[in-house]
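To keep things simple, chains are lettered A, B, C, D, E and F as they appear, and every chain counts its residues starting from 1.
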Amino acid sequence: MRYAILLLDAPYTSQASHSALRFTRALLARGHDVEGVFFYHDGVHNAARLAAPPQDEPHLVDAWAELAREHGVPLQVCIAAALRRGLLDEQEAARHGKEGASVAPPFELTGLGQLVDLGLRCDRLITFGP
Amino acid sequence: MLLHTLNRPPTSQVLAQALAGMGPDDKLLLIEDGVIGALPAHRERFGRVAGRLYALQEDLESRGLLSLRDEAVRVVDVGGFISMTETSERTVSWY
Amino acid sequence: MQDTASPAELMVILRHAPHGSSWLKEGLDVALVAAAFDRRVTLLFMGEGITALLEGQQAGPLGQKGTAPTLAMLEMYDIDNLLVEQRGMDELGLTSDQLMLPVRGVGDAEISRLVASHVLVLNF
Amino acid sequence: MLLHTLNRPPTSQVLAQALAGMGPDDKLLLIEDGVIGALPAHRERFGRVAGRLYALQEDLESRGLLSLRDEAVRVVDVGGFISMTETSERTVSWY
Amino acid sequence: MQDTASPAELMVILRHAPHGSSWLKEGLDVALVAAAFDRRVTLLFMGEGITALLEGQQAGPLGQKGTAPTLAMLEMYDIDNLLVEQRGMDELGLTSDQLMLPVRGVGDAEISRLVASHVLVLNF
Amino acid sequence: MRYAILLLDAPYTSQASHSALRFTRALLARGHDVEGVFFYHDGVHNAARLAAPPQDEPHLVDAWAELAREHGVPLQVCIAAALRRGLLDEQEAARHGKEGASVAPPFELTGLGQLVDLGLRCDRLITFGP
């Protein structure tokens, strides 16, 4: 089946990211297609390139990126939610006159229309909230 | 038949919202802090979904709740969670 | 005016009060985007989310707009299926004439039927 | 005498926690989403702090609640909030 | 062992369950730091925070440690004033012999007295 | 009187930052000393240098920085809470082998001991939570 994941909270604030990652890995292991993970609300913090958790804790940002590399899962970050929370890729940083970037590929900034599209196109959308 | 997930403890008003959204055949899966609702002391709060109440094994285990749970609550692991999303028309998350 | 016989698509459930958090605004944004893409959208205000509909709302302490201006635009987006949880209305002691938009109160049984009849249901 | 602030709506279990922490002379100030508790429909929930219940004017106003509030709830603006922190031994925030 | 006659300083109230959010961990961190600076610390577990004390906790789904190992270190930091909200215990249907550390149950009246008698009270 | 502020949530997620900023400004206008604003839990996001909110919304990160410049209020950010959430200054970025920084002065990364010190030293500590 074609699944989409909606993730609404930050990685080191609630368990939502852990749950979403575990669920997504299990979906892939079972042979399902994961057509996208959409990050909205505080979920956009999962794309924080500079996250430096203690070494004895899972590095969730890296774990998502690995999922994208190994399984081609698109990681779509709501651009409006990201910008106000300080998550900018190079292009947006330049547009806003800021130096440096806090989001890097494979995370991509995109519009909310992608969420609606994913939700209506896929067979299942599973939300993980705070 | 829909699957509903609840990740808030049973004292949260989100439980009432989830119950309002549930149809007579829908199932409720407790995940994350929601699994506190699997304690026998909370059985009455879930009376409306008796026989349709599930809790995620991994989240019970990590909290030391697996052996304390109400036996009427069915336990599923993450694979079972996925099966439930497959066999339900859709999943609605309450948080 | 859209054809009311076409299947309902997106249901957005708004459960948070304005100003206190961004949930309400971010939920409304999803509804507006979906409507802009010509999707049929149903909005259900539950619990404290109902207070988003109160008359007389103003900007927040540091000038934040709140959500009342967005709600006033819903009609322009053809979002006219506005429902409020009747129990939430009762708990708040509010009546529909105190609200800024025409809404219809719904009970638990209808809420669960609505949840079952939409292609996608998102909680905010 | 302590000042307690509450920024959660009255349906939240945080209200019970705040009430548990309050002494017989302490005051409770509703701020942010907490000001929904100033509606007359919620009067009973605050019975234990009758006469000691306050709500922040700016937060009532921005939500359209100023004219709807229970008249037994006293209204203070941010200057009044500061005065209350000055005259209370300390402030405990419940959120 | 510290002098119990000296004025109580920091009271940390832990109201959140382990694993589900970082509140419990971050509240405990404040308590440990204060104790490391030789401050007298009282811990009160309220509501779902009480479940932090359950026996048999394990690492989370992706290997997160949880808070049980931290709680096991409290004694080393001379944090031995561990209180649980009696009403919370009753609501959870738990008894103190199911908990990993020795605690004392307290009712509302004592909770408010404790809140009033500490120099600093922080909720987590 | 000597006040300290503890802020526990992110600027564009809840009203906590708005409330804290409004309260702190009013304290200063009234002649009180504000000996520090401590950012903990998701409050560390108030220090996000790259935050780019829409132009018709208040820019809270800049507002805090202005408060520090004009009134000398120390802005203390819990370093442990910040690092796991992707908020690093130049020094921490270098230490963790990351390029770029997401926190800049006048925000300073510091330990939790500062919070305990502020809370016990000041006459009043006021917490703003989510």
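To be clear about the criterion, contacts are C-beta pairs under 8 Å (C-beta built on N, C-alpha and C of every residue); 3 or more make two chains touch, one makes a residue touch a chain.
Quantities reported herein were computed from a predicted structural model and do not represent experimental measurements.
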Inset, instruction - Using the touch definition from the top, list the chains contacting both subunit D and subunit F. - result: C, E
Inset, instruction - Based on which chains touch which, give the shortest step count from subunit B to subunit F. - result: 2
Inset, instruction - In contact with subunit B and with subunit D at once: which chains are those? Just list them. - result: C, E
Inset, instruction - Find the chain most remote from subunit E, comparing centres computed as mean CA coordinates. - result: C
Inset, instruction - Please report how many Å separate the Cα centroid of subunit A from that of subunit E, as a whole number. - result: 34
Inset, instruction - Round to the nearest whole Å and give the separation of the Cα centres of subunit A and subunit F. - result: 26
Legend entry - Averaged-CA centre spacing for the pair subunit D and subunit A, given as whole angstrom: 38
Legend entry - Residues of subunit A whose C-beta touches two or more other chains: 12-15, 19, 22, 41, 57, 125, 127, 129-130
Inset, instruction - Scan subunit B for residues touching two or more other chains and write them down. - result: 7, 11, 13, 32-33, 58, 78, 90, 92-93, 95
Inset, instruction - Scan subunit C for residues touching two or more other chains and write them down. - result: 19-22, 47, 60-61, 119-120, 123
Inset, instruction - Would you mind giving me the full set of chain pairs in touch? - result: A-B, A-C, A-E, A-F, B-C, B-D, B-E, C-D, C-F, D-E, D-F, E-F
Inset, instruction - Please give the residue numbers of subunit C that touch subunit D in the complex, ascending. - result: 16-21, 47-48, 51, 54-61, 66, 68, 91-94, 98
Legend entry - Parts of subunit E lying in touch with subunit A, wherever the complex brings them together: 19-22, 60-65
Inset, instruction - Flag every residue of subunit B that touches subunit C in the complex, lowest number first. - result: 2, 13-14, 17, 19-24, 26, 89-90, 92-95
Legend entry - Touch list for subunit B against partner subunit A, complex: 7, 31-33, 58, 78-79, 81-82, 85-86, 90-93, 95
Legend entry - Residues of subunit C defined as touching subunit B within the complex: 13, 15, 46-47, 85, 87, 108, 111-113, 115-116, 119-121, 123
